[in-house]
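See below for the structure under consideration.
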Amino acid sequence: MIGIALFGAGTIGRIHARNVAADPGCALRWVVDRDLGRAEALAAQHGGRATDDVARALVDDGVGAVIIGSSTSAHREHLMACIAAGRPTLCEKPVSDDLDDARRCIEAANKAGVRVAVGFNRRYDAHHRAVHLRIREGAIGKVEMLHLVSRTNPPAPAPASVQASGGMLREKGAHHYDLAAWMAGAEPVEVFAAGDCLVDPGYSAYGDVDTAVLTLRFDSGALASFSFSRRAAHGFEEMIEVFGSEGMLESRRQPALGVALWTKGSMNEVGLHGSWYERFSPTYEEELRQFLRLAAGESVEIATLSDGVRAQAVAEAAIVALRQRGMQRIAKIW
Amino acid sequence: MIGIALFGAGTIGRIHARNVAADPGCALRWVVDRDLGRAEALAAQHGGRATDDVARALVDDGVGAVIIGSSTSAHREHLMACIAAGRPTLCEKPVSDDLDDARRCIEAANKAGVRVAVGFNRRYDAHHRAVHLRIREGAIGKVEMLHLVSRTNPPAPAPASVQASGGMLREKGAHHYDLAAWMAGAEPVEVFAAGDCLVDPGYSAYGDVDTAVLTLRFDSGALASFSFSRRAAHGFEEMIEVFGSEGMLESRRQPALGVALWTKGSMNEVGLHGSWYERFSPTYEEELRQFLRLAAGESVEIATLSDGVRAQAVAEAAIVALRQRGMQRIAKIW
Amino acid sequence: MIGIALFGAGTIGRIHARNVAADPGCALRWVVDRDLGRAEALAAQHGGRATDDVARALVDDGVGAVIIGSSTSAHREHLMACIAAGRPTLCEKPVSDDLDDARRCIEAANKAGVRVAVGFNRRYDAHHRAVHLRIREGAIGKVEMLHLVSRTNPPAPAPASVQASGGMLREKGAHHYDLAAWMAGAEPVEVFAAGDCLVDPGYSAYGDVDTAVLTLRFDSGALASFSFSRRAAHGFEEMIEVFGSEGMLESRRQPALGVALWTKGSMNEVGLHGSWYERFSPTYEEELRQFLRLAAGESVEIATLSDGVRAQAVAEAAIVALRQRGMQRIAKIW
Amino acid sequence: MIGIALFGAGTIGRIHARNVAADPGCALRWVVDRDLGRAEALAAQHGGRATDDVARALVDDGVGAVIIGSSTSAHREHLMACIAAGRPTLCEKPVSDDLDDARRCIEAANKAGVRVAVGFNRRYDAHHRAVHLRIREGAIGKVEMLHLVSRTNPPAPAPASVQASGGMLREKGAHHYDLAAWMAGAEPVEVFAAGDCLVDPGYSAYGDVDTAVLTLRFDSGALASFSFSRRAAHGFEEMIEVFGSEGMLESRRQPALGVALWTKGSMNEVGLHGSWYERFSPTYEEELRQFLRLAAGESVEIATLSDGVRAQAVAEAAIVALRQRGMQRIAKIW
């Protein structure tokens, strides 16, 4: 039974708190938030004690692992404290707004021998994972092309929110650059991006786009394309295709139900899930299970700190490519 | 190049005439119809000479094979004439309204050594055939259960038309009893039927039903169920499922197009074909190709005269079962 | 917060115990089992006290509702005790081995004004429920034909087990007769059954079959067919099709994953779930939620005691039909 | 009945010859080829007279329309001759190897008032066309993103063949740039391409790639991505997705058959067609029908000479973008 300190009692913190409480292998020991009232409310619901002081939780010997779900700007500081305290940590992405800082986190974790996982929850989606495993088993030979679609159900986030999130190519992008690298089994080397504000011209005031197509080249020669939009009227749309020398694998759009209505000239199925949470809530439970195994010293396949920094490096290069309208090399700092 | 005499210049005759004209392996030599004008019109369009005299066509040495598409009441007489003339014949089903007469046709053909095929065109549907072949290859082990659906797009036939057609359990049924036996690789031994007039009470005046569920048992122990309706608002619906000891095969409902529209909460595909002819016209071309090979003396898999009589025997027993509300044994006269 | 007394600590009891513990609207207060050790083990895991005495639990004012998951032979006695104690009850099916006894349970519950639900969990499957709702909304007009498939992944139950379960047409059948009536919105009036032992001849020693096709007629005129097998090599197979005057609805076979592999000449998807529990475990959670609302006095759509007895009456008539090889009228005792 | 002069008796010429012979609205009047023997053989099979002299066919008053299926290098000269002779013409793409020459063809046709269609046969695919029509009807609102996949079944063309074909971004690409513009209802303005030789390094000797990802921007703001490969082990793969402000439309990969095999843990369908011709032969028949209507003076939706030149202009810019590794503006010369 592993005691968990949870940093952050916001949206993602609440998801983790509920899963920690439900998992028989761990228990919530601390909820830490700058807003102490928010921490107390979450602890009251799912167990553990509340504090606004990270250090207080980290000195507790009963804390076997930490989950960082605080605001992005606090990630680096919180992660460095966990590393210093020698606690296995699951950190939400991005690791840091600054790539150099992110790289320093890798170095610190390596030096201290602390195990750090990054919250790429989509890797634990059963469908995506089955595709990954089949690729590794050789079902499609050598991976040559990938196509990843992520288009999100309304409402689109308010344009002003991109200041905090870092914009679509970072926030949404990082998950998918990671999935692509994980599927390709290769390292990204250069990236191109084209985009525009077709959903809401308001994004342009913040230098962001809401519609984008990207091209990513891997060191294996494989080429990935990405289709991103901030608004899919038809629901939460996510899909991955991986084409190889001997066939193709798809992690398909998931229908919300397996019901079909046939009428004149038409066959109508229930379409996409209405939200990200409907589609992906099980991935957080599986992510927690894998992280507990990591914290227990087992050898597990999980997104590492290096995976997290790699996806950030792709995002930064993509933003440069978008502006410079040309392929951009990705510095390998992870 | 085989010369064809076509008996009957009605709907089915016109389909055969066009296919004969288009097939490089044969040519239309005679069109025979009691209505000479109708025969002449069809010959003018697709070649050959017109007559209202079956005998005149059969004495022509240039006639290498005959296709009988005349009215049901004329089938027996026409087929007997073809057998007497020693011509390979493709006869539309049913062979005869009378089972004893039908059995005598088998005996005559066997005695004369004349090759007779029966027009079960669905056997030449590429989808159904692929299922049949995979069963024979052992893909699902031993066949144990079958389910066949045939529900037809509007308009339903006029109730009075069942006097000529023999009713739904004969007309529609025969095709599907044949498909079931062909898929099962077994002989039918008993049958049950339940039905009603849910589409049009007018059928009851003619002793017919427009909606029916049947159960057919084969000598292998396999059980088949059938769902028939005279009216499917959603189009021409036909489907076969075959369940075996090691898996299941489906010949699925065929969508008219492979187009999908995703909108909020829904994924909409193009549905069924709007008519029997849209769905099955290619089967007549393939049937002709197989029949030409039969006529040329090759060994081909084609529906034989015995297959035709077998399906009729099932139909007659099903009609008794419907009235007597119990399982009915099928006399093996084929 | 409703206190629950759970009767029976076997397989189905354990499912209910876990769901009661996880549901925020109720708590496990008593686990009752003739085998006290088994009751204690389950209470230790999910809460509440253990006893081997039904009466002790029923006198507890803290018990707001009862779930009966005891052995079939105890159902009637346990249910009568719950009715006498005035406790809202969810009773696993069948209500009783004896139809007259079952009918007396309905009378007792009605007289006492006690709310009794029957455990037809499939009604709470999201896919089946969506089909039901669309029918009620008029999506396919008037229901005319239904087809229900239930074929179960290996291993098949041991032949000797049918003595306790009552055989396939009762055990498996009751769920599907209920689904058919619920979909049709009509009352069953007569039934036919044909079956055989194709999976294991050992069933015949107990008068049972392992493969069966049934026909059920409703008072609306609608006709349902059923395909049952004790062994589906391809997994846990369940499917419902409902054909109406204006179209058709399907609750499709559920693939375990949405992954496709394309290789030469083939597109391969992940197939069926490997077991009943993988497919249907969420239905027990939803059933509990609906039952808690019923117990709280809300008006909910749930399978009632009459629904349970109706399905039993169909099963008994089907067994007679199987032997007598003819349509069998169903006495309306519910 | 329109008399057709066919220029070119090679692969594509033979397809056109057969379709002309089979279409009741036209007849083959001339087959023209530099190789007179080849022309004679084709005329013998499908009708008409043979010559190696284009002019001889064009002076024949019985020629109502011309189909140019000669080698690419002869297109411009043949098309100019047809325009000079005032004959409605269907010209295979590309119009000319040289964009300036191609533009001059447009000018000449416009000046002479001669109707010229270009052989983008995929526009007549029933599935693609249905998507196009639904977009025009407003089914998905404003088009924002497109994704087109074209990956071709083995064997890949010999590397040396790209000298004649112009390479993958021209030969394969032009069809898909045209489809994208047709679907988007907009004009292409800039393009990016990334590619490599992953299938066969031999292509690099000719400056070509066999695997490529492209991004195309339209004047409407819409962004298209393209995935091209010279070798798809799983068959002839073609697919189009169009994402709009109100939903998404797909012209899906077409399975060769509608057959499904369920075995343990798996559902197996028949996959893609084995070749381009299996998939697209019907499009040539429909293209001919539309062209005959154009030649008869009707107003039809058909790919025009300008459409042909537009696709070539995209291809040329894509090749520059591939080399320069950046977005490339497309000069609007059509």
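To keep things simple, chains are lettered A, B, C and D as they appear, and every chain counts its residues starting from 1.
Operating definition for what follows: a residue touches a chain if its C-beta (ideal position, glycine included) is under 8 Å from a C-beta of that chain, and two chains touch if they have at least 3 such contacts.
As the structure is a prediction and not an experimental result, all values here were calculated from the model.
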Taking each chain's centre as the mean of its CA atoms, the one lying farthest from the centre of subunit A is chain B
If you tally contacting C-beta pairs, which comes out ahead, C-D or A-D? Let me know.
A-D
Between subunit A and subunit D, centroid-to-centroid distance (C-alpha), Å
41
The distance between the C-alpha centres of subunit C and subunit D, rounded to whole Å, is 58
Among the residues of subunit D, which ones contact at least 2 other chains?
233-234, 237, 246-248, 253, 255, 262-264, 270
Once bound in the complex, which stretches of subunit C touch subunit B?
141-142, 144-145, 147, 149, 151, 192, 194-196, 198-199, 211-213, 215, 217, 221-225, 227, 229, 231-234, 237, 243-248, 324-327
Subunit B contact footprint on subunit A (complex, rising order)
233-235, 237, 253, 255-256, 262-272, 274
Note which residues of subunit A are touching subunit C in the complex, please.
22, 126-127, 130-131, 134, 139-140, 246-255, 257-264, 270
